[in-house]
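Given below, in the form of C-alpha cells, are the structures.
Each of the two complexes below includes chain A, the first together with chain B, the second together with chain C.
Here is the complex of A and B:
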C-alpha cells in the first residue's frame, strides 16, 4: 500500500510538470500576467516536493525490507546493514535513475528559488527544467519502474546486493557523480532560456557561475571516488581503465572544465560569449549521451546495466531532441551573439582559448574512441575494442601543449598583449628547471618512456611556473588568484603522479606454501607467508592470509583476504594495502594449488595516492574560487 | 568586400586543412591501436601477425585448467574449436570453469599468451558473440 502511495506521488508529479508546460503553452500567446509566473512557480515547487516525498517513502520501504517491490527484492536483503539497504537503491538501473531524477529536481528547485521573482529569464528557465524533468520522470515510470510489485505474493528474502558494491566509497560514488552530471542542467536550461528570450543586453554569467563550479566539484569527486574504489576493491591495482563508461564521465568533465575557463574570460572581458554558451549547452548534452551509453547497453562495458533496447531508444530520442533544440536555438541566435570585445593575441584570454580548443579536441578524441567500435561493428561486422594505448598516445601530446599554454598564461594579462620580454622571462626558468629535474629523474630511475616523460614534463612545467609565481608575488606582496593557482598545482601533481606511477610501478606473481619465505629485491628483502586463517563474518566466510614483509627496513604485516558471500555464493578478493608516502604495497591472494601452496600477486604502486591527493587539491582550489565569487 | 571574402575563404581553407589533418592523425592512431575480438574458431582460421595484440572471447573449457605455480594453462572454447591459453598471474575472482571470459593477449605458435583476463562485475556475463554461437548450435 505504501509503495502505491510513493508510485502515485511520482505519477502526480509527472502530471503536474505536464500541466505547467501545457498551461504556459496556451497562455504564451495571450497577455502575460504576473500571476502566471507565480502559479507556475508554485506548481513547480509542489511537483518537486511530491517527488522528494516519493523517494523518501522508497527509502523507508528499502529500510523495512518490503520485498513485494520487485526492485528492492532483487537488490537488497534482510541481512544487510541499514546503510547498505539504503545504498542498494542506487546499485542498479531503476533505483539509480530515480536518484538521478531526485537530484535533477533538487538542483532545479534550488536554482529557481535563487532567481528573483521578476528575473526576465525565470519563466523560460522554469519551463525548460520542467520539460527535462518530465522527460526523465516518464522514462522512469514507463520503461524502468522502481515501484513494480511482485504479484500476488512478494519474495520472502531479497536477492542481496552484489558484494563488491558493499563498500562506503561505492555507496557515495553514484550520488556524487549524479550530482555533478545533473548539476549542469542549470547552465543548460538557463542558457537555452537566454537564447530563446533573445534580449542579449542581459548579463547571464554571474547567475550560473557558482552553480556550475559546484557541479564541477561534485563531478570531480564522483569520478575520483569511482577510481579509488576500483583501485582498492577490484584487486587489479589499476585506477583508470579507459572503459567506455569512464570515458562518458570524462567527456562532460572536460567540457565543464573548458566551460569554467571561458566563463571567467567571458564575464571578465566580454569575449567568447557565444563559445561559452555553446560549452554550457554541450556539458549537459554529453551527460545525456553518457546516460544513453550506460543505460542502453549498446556498448559492452564492465559497468553497463542490463541491455534493454526500449530504454536506449527512449533515452536517445529524448536527449537527442532536447540537445538539438538547444543547439538549434543557439545556431539561430548565433549571428546576433557578437561579443563586444575581440580576443587579443598574447592576452590571457588567448591562451585560455587555446586550451579550450585542446579540451574540445580531447573530448572529440574520446567520443571517437567510444563510438568507433560501434561504427566498425555496424559496417564491417567485426568486433573491436579500443584500449589505453590509443588514449595515452592522444592525451600525452595534448597535455604537453596545454601545460605550455598554462605556463605562459600565468604572466599574461587580461585584454592586453604580453611583451616578448615577459614571455621569455616567464617560460625560461620553469623550462630550465623542468628539464634539469627530468634529467635527474631519468638518472635515478633508469627507465625511459616517451609518453611518461611527456607527462612528467607537463606536470613539472605547471608546478615550477606556479611555484615561482607564488614565491615572487609573495615577496613583492602582489595579488595572486589563490583558487586558480591551487587548482592548477593540483593538475600538475596529477600529471606527475600518473606518469611516475606508470614507469615505476611493478608487479610480482608469487607461489608460496604457508611458513615459506623469499627475498624479492633490494627494497623487499623478505616476504614471508606465515599462515592461513579461516574466519566467519555476518554474511560471508573469510580466508585470510598472514603475510609479513620487510620493505626498506620497515616491517609490514599484510592480510589479504578472499571472501565467500553466503547469499549469492560470490567470491571476492580483499587486497591488503600498506601505504607510504611514495608507494603502496598492494597484495592480493589467489588460489590454493593441489600441493597446498597459495598464489599471490604483489604490486608496488608508486605515487598512486598522489593521484587522489591531486584531485583533492584541485577541488580545494575550486572551493576557494566559489567562495571568492560569492563574496565579491 | 571581395578582399574580405577572399580572406574568409583562406581562413576557412586553413581551418578545414588543420581539422582534416587532426582527424586523420586520430584515425591513424585508432587503426594501429585497435584490439580485434575473435572467437576460438575465428582465431584459428584467421592469419594473425605475431606481435599483434588481440582479444579472445569464449568459455573456459570444463576440466582444462592446469595450475603450475603462478602459471595457469587452460582452454577457451566456443563449443566447436578450442584455443590453448597460457597466463602468468592471478585471474579475477569470477574466472572459473564453464564461465565466459575475455582475454587480451598475443597469439603465438597456436598458443594464446594472455596479458590480461577480464572479469565482469556481473556473474552471469557471457561474451555477446557466444550467445549468438549458442543459438546456432
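Here is the complex of A and C:
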C-alpha cells in the first residue's frame, strides 16, 4: 500500500510537469502575465516535492524490507545493516535512475529559487528543466519502474546486495558522480533559454558560474572516488582502466573543465561567448550520452546494467532530441553570437582557446575510442578491444602542448598581446628547471619511456611555472588568483604522479607454503608467509594469510584475505595494502595449489596516493574560486 | 559564419544518433552460430599447470569458455560462469593469447569456474574453432560443437541457446 503511494506521488509529479509544459505552451504566444510565471513556479516546486516524498517513502520501504517490491527484493536482504539497505537502492539500474532524477530535481529547484522573479530567462529555464525532468520521470516509470510489485505474494527474503557493493564507498561514489553529471543541467537549460530568448545584451555568465563550479567539484570527486574505490576496495590494483564507463565520465569532465575556463574568459573580455555556450550544451549532452551508454547495455563493461534495447531506444531518442534542440538553436543563433572583438594573439584568452581546442580534441579521441569497437562490430561483425596504449599515445602529446600553453598563459594578460620579452622570461626558468629535474629523475630511476617522460615534463612545467609565479608575486606583494594557481598545481602533481607511477611500479607473482620465505629485491629483502587461518564472519567465511615483509629495512605485516559470501556464493579478494609516502605495497592472495602452497600477487605501486591527493588539491582550488566568486 | 559550418554542427550529432539507433535496432538479435554437430578440432596443448590435455576430457556435456586475463568482458561474465559451475555444469577454460603467469594470477584473484584451462598462447586451437575474440563460449556434447556464443555469456543467451540443447541431450533417447 505504502509502495503504491510512493508510485502515485511520482506519477502525479510527472503529470504536474506535463501540465506546466502544456499550460505554458498554450499561453506562450499570448500576453504573458506575471501571474502565469508565479503559478508555474509554484506548480514546479510542488511537483519537485512530490518526487522527494516519493523517494523518501522508497527509502523507508527499503529500510523496512518490503520484499513485495521486486527491486528491493532482488537487491537487499534482511541481514544487511540499515546503511546498506539504503545504499542498495542505488546498486542497480532502476534505483540509481531514481536517485539520478531526485538529484536532477534538487539542482533544478534550487536554481529556480536562486533566480529573481522578474529574471528575463526564468520562465524559459523553468520550461526547459520541466521538459528534461518529465522525460526522465517517464523513462523511469515506463521502462524501469522501481515500484513494480511481485504479485500475488512477495518474496520472504531478499537476494542480497552484491558483496563488492557492500562498501562505504558505494554510499558516496554514485551519488557524487550523479550530482556532478546532473548539475550541468543548469548551465544547459540556462544557455538554451538564453539562446531561445535571443536578447544577447543580457549578462548571463555570473548567474551560472558558481553552480557550474559546484557541479564540476562533484563530478571530479565522483570520478576520483570511483578510481579510489576500485583500487583500495575492489582490489583492481590500479587507478584507471580506460573502461568505457570511465571514459563516458571523463568526457563531460573534460568538457566541463574547458567550459569553466572559457566561462571566465567570456565574462572577462567579451570574447569566446559562442565557445562557452557550445561547451555548456556539450557537457550535459555528454552526460546524457553517458547515461545512454551505461544503461542501454550497448557496451560490455564492468559497470553496465542489464541489457535492454527498449530502455536504450527511449534514452537515445529522448536525450538525442533534447541535445539536438539545444544544438539546433545554437547553430541558428550563431551569426548573432559572434562578437566583433577578435581574440588578440598572445593574449590570455588566445592561449585559453588553444587549450579549449586541445580539450575538445581529447574528448573526440575518447569518443572515437569508445565507439570504434561498435563501428567495427557493426561493419565487420568482429569484436575489437581498444585499450590503454591507444589512450596513452593520444594523450601524452596533447597533455604536453596543453602544459606549455598553461605555462605561457600565466604571465599573459587579458585582451592584450604579451611582449616577446615577458614571453621568453616566463618560459625560460621553468623550462630549464624541468629539463634539469627530468635529467635527475632519469639518472635516479634508470628507466626511460618516451610517453612517461612527456607526462613528467608536462607536470614539471606546470609546477615550476606556477611555483615561480607564486613566489615572485608574494615577494612583490602582487595579486595572484589563488584558486586557479592551486588547481593548476594539482594538475601538475597529477601528471607527475601518473607518469612516475607508470615507470616505477612493478608486480611479482609468488608461490609459497606457510613457513617459507623469499628475498625479492634490494628494497624487499624478505617476504615470509607465516601462516593461514580460516575464520567465520556473519555472512561470509574468511581465509586470512599472515605475511611479514622487510621493506627498506622496516618490518611490515600484511593480511590479505579471501571471502566467500554465503548467500550468493560469490568469492571476493581483500587485498592487504601498506602505504607509505612514496609507494603502496599491495598484496593479494590467490588459490592453494596441490602441493599445499599458496599463490600471491605482490604489487609495488609508486606515487599512486599522489593521484588522489592531486585531485584533492584541484578541488580545493576550485572551492576557493567559488568562495571568491560568491563574495565579489 | 557560413551556412556550411552551421549545418555541420547540427549534422554531426544527427549522424551519431542515427548510428547508435542503427546499432540498437539492427544488431539487437543475439549473435550466435549454430553448428550442427561439427567435431571439436584436434589439438595438442597443455593446461595452465603444464600437463597435456587429453581429448577424453571433452566427453559428456562440457562448456568451453574462451577467456584471457586482458579481457574485461571476461570479468563481466565471470560471476555468471561461477554460478554455472556452482550448478555443476562442467566448464573448461580456453586461455587465449595470454601469458601463463598472468592467467594463473587472474584465476587466483577472481576464483576459477573452470575444471582446468587449456593454455593456447598463440591461439592455435582458437583459430581452428573460429574464435574471433574473447570471450566466446562453446557447448560441446561428446566432443561435438553443438552451439557457440560470441561475447558475454548472459542468462538470456544461456536460456535461449544453451539450455534447450542441454535439456535435449539429457533426455534418454
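Criterion: the second predicted complex is superposed on the first by the 631 of 632 C-alpha atoms of A that agree within 3 Å, B and C clash if a C-alpha of one lies under 4 Å from a C-alpha of the other, contacts with A are read in each partner's own complex, and residues count from 1 in each chain.
As a convention for this text, a contact is a pair of C-beta atoms (placed from the backbone, for glycine too) under 8 Å apart; a residue touches a chain by one contact, two chains touch by 3 or more.
Keep in mind the model is a prediction, meaning the values are calculated, not measured.
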> chain B versus chain C on the shared chain A, clash or fit?
Replying inline: clash
> Can A:374 be said to touch chain B (first), chain C (second), both, or neither?
Replying inline: second
>> In the overlaid three-chain picture, which partner chain does A:292 touch, first (chain B) or second (chain C), both, or neither?
In response: second
> Can A:312 be said to touch chain B (first), chain C (second), both, or neither?
Replying inline: second
>> Let me test your reading of the model: by the given contact rule, A:334 touches which partner, first (chain B), second (chain C), both or neither?
In response: second
> Just chain B (first), just chain C (second), both, or neither: which does A:591 touch?
Replying inline: both
>> Tell me the contact category for A:601 with respect to chain B and chain C: first, second, both or neither.
In response: both
> A:324 contacts which: chain B (first), chain C (second), both, neither?
Replying inline: second
> In the superposed arrangement, which partner chain does A:385 touch: chain B (first), chain C (second), both, or neither?
Replying inline: both
> Between chain B (first) and chain C (second), which, if any, makes contact with A:125: first, second, both or neither?
Replying inline: neither
>> Residues of chain A that sit at the chain B interface in one complex and at the chain C interface in the other, please.
In response: 235, 300, 302, 382-385, 387, 509, 570-571, 573, 588, 590-591, 599, 601
>> If we count contacts the way the header does, which residues on chain A are in touch with chain C in the complex?
In response: 235, 241, 243, 285, 292, 296, 298, 300-302, 304, 307, 309, 312-313, 316-317, 320, 323-324, 327-328, 330-332, 334-335, 338, 371, 374-375, 377-378, 381-385, 387, 509, 569-571, 573, 588-591, 599, 601
>> Touching residues of chain A toward chain B in the complex: what are they?
In response: 162, 164, 234-236, 300, 302-303, 361, 364-365, 368-369, 372, 376, 382-387, 389-390, 393-394, 507, 509-511, 562, 568, 570-573, 588, 590-591, 593-594, 599-601
> Tell me, which parts of chain C touch chain A in their complex?
Replying inline: 1, 5-7, 9-10, 13-14, 17, 19-28, 31, 70-73, 75-76, 79, 82-83, 86, 101, 104-105, 107-112, 132-133, 150-152, 154, 156
> Tell me, which parts of chain B touch chain A in their complex?
Replying inline: 22, 26-27, 29-30, 33-37, 55, 67, 69-70, 88-94, 104, 118-121, 123, 128-129
